[in-house]
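Report on the following structure.
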Amino acid sequence: MPALITLKDVSFSYDDRPILDHVNLTINEHDFLGIVGPNGGGKSTLLKLILGLLTPSTGEISVFGKHPNQVRTRLGYVPQFATFDSAFPITVLDTVLQGRLGKTRSLLGYNKHDHAIAQRAMAETDVESLQKRAMTALSGGQRQRVLIARALACEPEILLLDEPTANIDPHHGESIYELLHRLHERITMILISHDVGFVSRSVTRVACLNRTLVCHATSPVDSDSINHLYSNPVSVIHHDTRLSLEDNL
Amino acid sequence: MSFFNALLEHTFLQHALFGGLLASLACGVIGSFVVVRRIGYMAGGIAHAILGGMGIAYFLGQQPMSGALISALIAAVIISRVSRVSKHGHHQEDTIISALWAVGMSIGIIFIAKTPGYNVDLMSYLFGNVLMISANDLLLIGLLDGGVLLFTLIYFKQLLALCYDPEFAGLRGIRIEWLNTLLLCMVAITVVILIQIVGLILVIAMLTLPAATARLHATTMLGMMILATALGMMITSGGLLISYNYDLPTGATTALSSGILYLVAALIPQRRHAVK
Amino acid sequence: QAQTTTLNIAVSVAPQKYLVQKLAGEHAKVRVMIKPGQSPTTWDPSPREMARFATTDLLFCIGVPFENIWLPRLQNNFPNLKVHDPRQQIALRPLHEHCHHNETHRAQVEPVNSTLDPHIWLDPLLNIQMAENMLHALVKLDPTHQQEYQQRFEQLRLELTQLHLEIEALLQPYQQHYFMVFHPSWGYFARRYHLQQMAIELSGKEPKGAKLAQITQQAQKNGITAIFIQTQFSQKAATTIANQIGAQVISLDPLAEDLPLMLRTTAQKLSCALEAPCPLSSH
Amino acid sequence: MSFFNALLEHTFLQHALFGGLLASLACGVIGSFVVVRRIGYMAGGIAHAILGGMGIAYFLGQQPMSGALISALIAAVIISRVSRVSKHGHHQEDTIISALWAVGMSIGIIFIAKTPGYNVDLMSYLFGNVLMISANDLLLIGLLDGGVLLFTLIYFKQLLALCYDPEFAGLRGIRIEWLNTLLLCMVAITVVILIQIVGLILVIAMLTLPAATARLHATTMLGMMILATALGMMITSGGLLISYNYDLPTGATTALSSGILYLVAALIPQRRHAVK
Amino acid sequence: MPALITLKDVSFSYDDRPILDHVNLTINEHDFLGIVGPNGGGKSTLLKLILGLLTPSTGEISVFGKHPNQVRTRLGYVPQFATFDSAFPITVLDTVLQGRLGKTRSLLGYNKHDHAIAQRAMAETDVESLQKRAMTALSGGQRQRVLIARALACEPEILLLDEPTANIDPHHGESIYELLHRLHERITMILISHDVGFVSRSVTRVACLNRTLVCHATSPVDSDSINHLYSNPVSVIHHDTRLSLEDNL
């Protein structure tokens, strides 16, 4: 099984403040990696590096064996915060359709196939009924679900999710978990979440990131070991060094 | 003589009418981008920035208008390029446009000062007049319309993504720098061409105000473009009619109407309960 | 000692430079304050140019609108700067005359603040008067060369009179003919040679729909065959109107420094244009 | 003659130098607000919008400059008022300023057209020149500086909150509409006063570019204001020196320097890893 | 005990789409009301109405017996999404200090007292060490904590929190819960949260909002009844009508 994503000795700093420190990570096909860690631990930064939105100070990142910028369209991404102008005149449907960019023909409008996929993505996150609404007229959780639908519409081979269920109500949260579970059969996923319960239920591997990354390596984590890991979730996630985590294991 | 009789009789009125209608189309489409990208500043800025190119062209003994076009394109490229590298990835085009306004106009003035035997009022090139549109001008606006429509039609989905969420658009493999540059060049060309045909004030008014008015009511870009074009057409023909009947300057009357329309529309309380 | 001093003279517009230079010869260095085509927006002197006003002995103004704003400021910074208005004894005409499109004009009271036409240098004979005024100012400034200035003035008067006669002869056949201009700069010239100036731009204001219609009709009625524009300005608008009424566009430079040449060329171009067959029937 | 000798000899150079330094202060402070509020457009817009007030004043036989000041204040009030009621509570001032530009200039043109007699070139009232600053002008800029500093000092914390997060500021009991109007009026007054003293290009350049350059390096508003003022002072005195040495137009040279400084600073890769 | 906030028959609609329907609510001193409900249920809208940011279509709202706009400065608010320009040049400290507006002198800068309170607020949300940082240089959770600190610096008598712990890691989430618990002794609070576990542990009353409001009235809810309520959390929160909820109770 070839590695889809490899990070070799990746470091990154903003303004000389080190954020990531010699991070090594390999993600194989069908992995479902959960990343947990304290606020400011560098989780979002790691995703942005994998997407090629940021460039590592040292080390190397390859995705599908290539430079991240060359394979962008094969990845789907749900950002932690929407980066768009919230007053922009655009409907939910048009937003979700934008996930098709890079997959569909490059000239002229979207075709039927794109629309079908967008509809399916919206159905999966239960925003179908909102599709004609303006993005401005959504509640926080509705907007978040539209962003997930947009990422699904990309038909990505790898899906990167940065706290996708923040602001989402438990019912929809639950159905998003189920959705990710289903998707996991065909898509490789990286999920950042503070929702310990969810992470423990769904992912196959967990990485703890707080400047340095501790990955609970290649053997899929079974439910027991996850439960063990999170028996005292707060202290685990708040470990400041490698050691404290390993103590817990 | 009533306006309609006059219209039948005078080709200049016919040209003004058609010119206005044609210009409304280009302005409605390009203006919608201008408004959502918040670069309403662009028309005024480019208009003054091109003085630099005109000054240099004159110095070199070339046609000022070719200098204007080239410098407008250069300005568009610079705006796109600078906003790209700006610290937070946010577009703060208003500052870059100010910089180009100052730089362009300064270069123009310096070249004027340093050109021996200089005797052209470059500013006069900025003031076209809608009553003095020639058949050639009509053709030119028609071509502009064609170019704008073609460009928008072909790249509509990419342009929409670019304006809405550049980061995401980039992740979907769109070459956003390139497309952004193309869009700004389109704006620059529209501004340069229309300025010398209908004049600076009218370009500023037509490029931003119908689209801004449309935005108050449209929920999609496409709707906004169509509404903006329709409003523009109403305004230009209405402006012509009013200015004829009340013996007022046409350009100013039209610009005034569009400004008032926008301000009134913006001040009318929206149907929803306004956020305080 | 007087022989070695050269006077530093500044003038408002280039044609004035011709007159002063003719009068003062090598005794004066003359510079033009406003280059042709400079507008208040683009007029931006360098510090050295400004510093020269400190050593300027005399500035001849002419009454162009530019001066209203800049002269007071200039004098503010250079309180010793002498400014001389060479327009005494010249009957100035208002820039905008109401007689051209008479049939629609209600009897209008001549407004108090109607601006006077500054383009006196476009009439050879008024130039003589202006030169004479300048002569007095120069003599007052530099009495030692009075003789010489006086002589040079006589020569200039002769030259300008000659020019006048020449133009008069050239334009004699076209008395009361209409010619069309964009900006009404040629009022004095027209008055002198009994021509009728028709301006597209009314009082420097953007033409208006109904007015423009009248003007084009009037132009056709008056058999206008050419529209004269100033080289400083964009030709686009004039070209469009010219196409409308089937006339040609001829560019004139009322701000050229070589005054006689400029006036002569103008007269020639005018006579050519007025000579052309009347296009009345063609439209 | 070296620049420093010339400076000793010519009062106009001294005035230019002091005028530039004083103006840098007002521009540094007000300009910082202009930049973070993204209303760099305001200088150009107000400059053209006040033609309306001048036209009316001229029509009524009043001083054009008083008309200019009044209309600038009216424009500021309108901008503040319209942006307040705008649909999403977002400030889209660029469009409102375009509207005022078009409306103001059109009104000017219409009133001039309706004023009997030949028009004075109203635009020429607008354009000061840094080499023609009188002692009175210096006093005026000094007063402006005093007003700006006082206003900013007293209301700094409210202004900061207003610019940063108007919704929250409103919830903290700040009368944001009122304060916003006050701020925009301050900008308008600064623009009108400085335009007739140092000219339009220089105002646009000085009001936005030093502050925008400062923003690239400052992390607080206060730091931004101080840096912007210092940069402005460097640029104005440097511009004067260069224009003297190379015999170039002073206003254009200064504006050009500030533009180039900004563009270069914006293009130099930031220390952090740039977001693509 | 006088009612601090009363909503009488309040309805609200955006563009004719009804969002709140005849909502009645009374909040007394020392109440700690948790509001749960599906995405788009109108929770954020309700808070905005109480703050006077929106005006009800019908019905009346009074806060401290007055119109909301007159008592704004006595309320603290943590919005669901930050409304500020994220590129604004401002430090964390200056942001938190803005909470003092309306409490401090109106002219000139902040005084020592303000600084002391800001420091305390930052300590409480553990952002003290970030205080010199630019707001742009914060991670998602750090920013969220700064917003909470800003609201605390207001020294509000009533604190309105709209999903304050979204994006916050479990450790800090925990300490924010503790903080709110402590504050509850002196401050009346309304909390919107999808975090069922938290709501059940902390609040004294729970309201379910989905266009209509069902409030679990004046008697403080003991831990048992909350547990009961959330025994089947998804179905409870996803009740579409009053009835389904009452069925569950």
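Lettered A, B, C, D and E in written order, each chain numbered from 1.
In this text, contacts are C-beta pairs under 8 Å (C-beta built on N, C-alpha and C of every residue); 3 or more make two chains touch, one makes a residue touch a chain.
Everything numeric in this text was worked out from a predicted model, so none of it was measured.
Peer 1: Quick one: which chains contact subunit B and subunit E both?
Peer 2: A, D
Peer 1: Count the smallest number of chain-to-chain hops linking subunit B with subunit C, moving only between touching chains.
Peer 2: So the least number of steps between the two chains is 1.
Peer 1: Relative to subunit A, which chain has the most distant C-alpha mean position?
Peer 2: C
Peer 1: Could you pull out the chain whose C-alpha mean position is farthest off from that of subunit E?
Peer 2: C
Peer 1: Select, from all pairs of chains, the pair with the highest number of C-beta pairs in contact.
Peer 2: B-D
Peer 1: Just how far, in Å, is the C-alpha centre of subunit D from the one of subunit A?
Peer 2: Between these chains, centre-to-centre, one finds 46 Å.
Peer 1: Which integer distance in Å separates the CA centroid of subunit C from that of subunit D?
Peer 2: The computed centroid separation for subunit C versus subunit D comes out at 37 Å.
Peer 1: Need the CA-centroid distance for the pair subunit A / subunit E, whole Å please.
Peer 2: 28
Peer 1: Please report how many Å separate the Cα centroid of subunit A from that of subunit B, as a whole number.
Peer 2: That gives a centre separation of 41 Å.
Peer 1: Please list all residues of subunit E that touch 2 or more other chains.
Peer 2: 14-15, 53
Peer 1: Identify all positions of subunit C at which a residue touches two or more other chains, and write them in rising order.
Peer 2: Residue numbers touching two or more other chains: 39, 41, 44, 46, 205-206, 208.
Peer 1: Touching at least two other chains at once: which residues of subunit D meet that condition?
Peer 2: Those would be 87-88, 92, 109, 113, 170, 248-249, 251-252, 272, 275-276.
Peer 1: Taking the touch rule as given, give the residues of subunit E at its contact with subunit D in the complex, in rising order.
Peer 2: 51, 53, 72-73, 75, 77, 79, 82-85, 88-91, 94-95, 97-99, 101-102, 106-110, 134, 150, 154
Peer 1: For the complex, give me every residue of subunit A touching subunit E.
Peer 2: 14-15, 36-44, 80-81, 137-142, 144-145, 163, 166-174, 194, 196, 233-234, 237-238
Peer 1: Please name which positions on subunit C make contact with subunit D in the complex.
Peer 2: Residue positions touching the partner: 39-41, 43-51, 54, 65-66, 68-70, 73-74, 76-78, 94-96, 108, 111-115, 203-206, 208.
Peer 1: Residues of subunit B touching subunit A in their complex?
Peer 2: My answer: residues 36, 153-158, 160-161, 163-174, 215, 218-221, 223-224.
Peer 1: Touching subunit B in the complex: which residues of subunit C?
Peer 2: 35-39, 41-42, 44, 46, 205-213, 216, 231-234, 236-237, 239-241, 243-244, 253, 255
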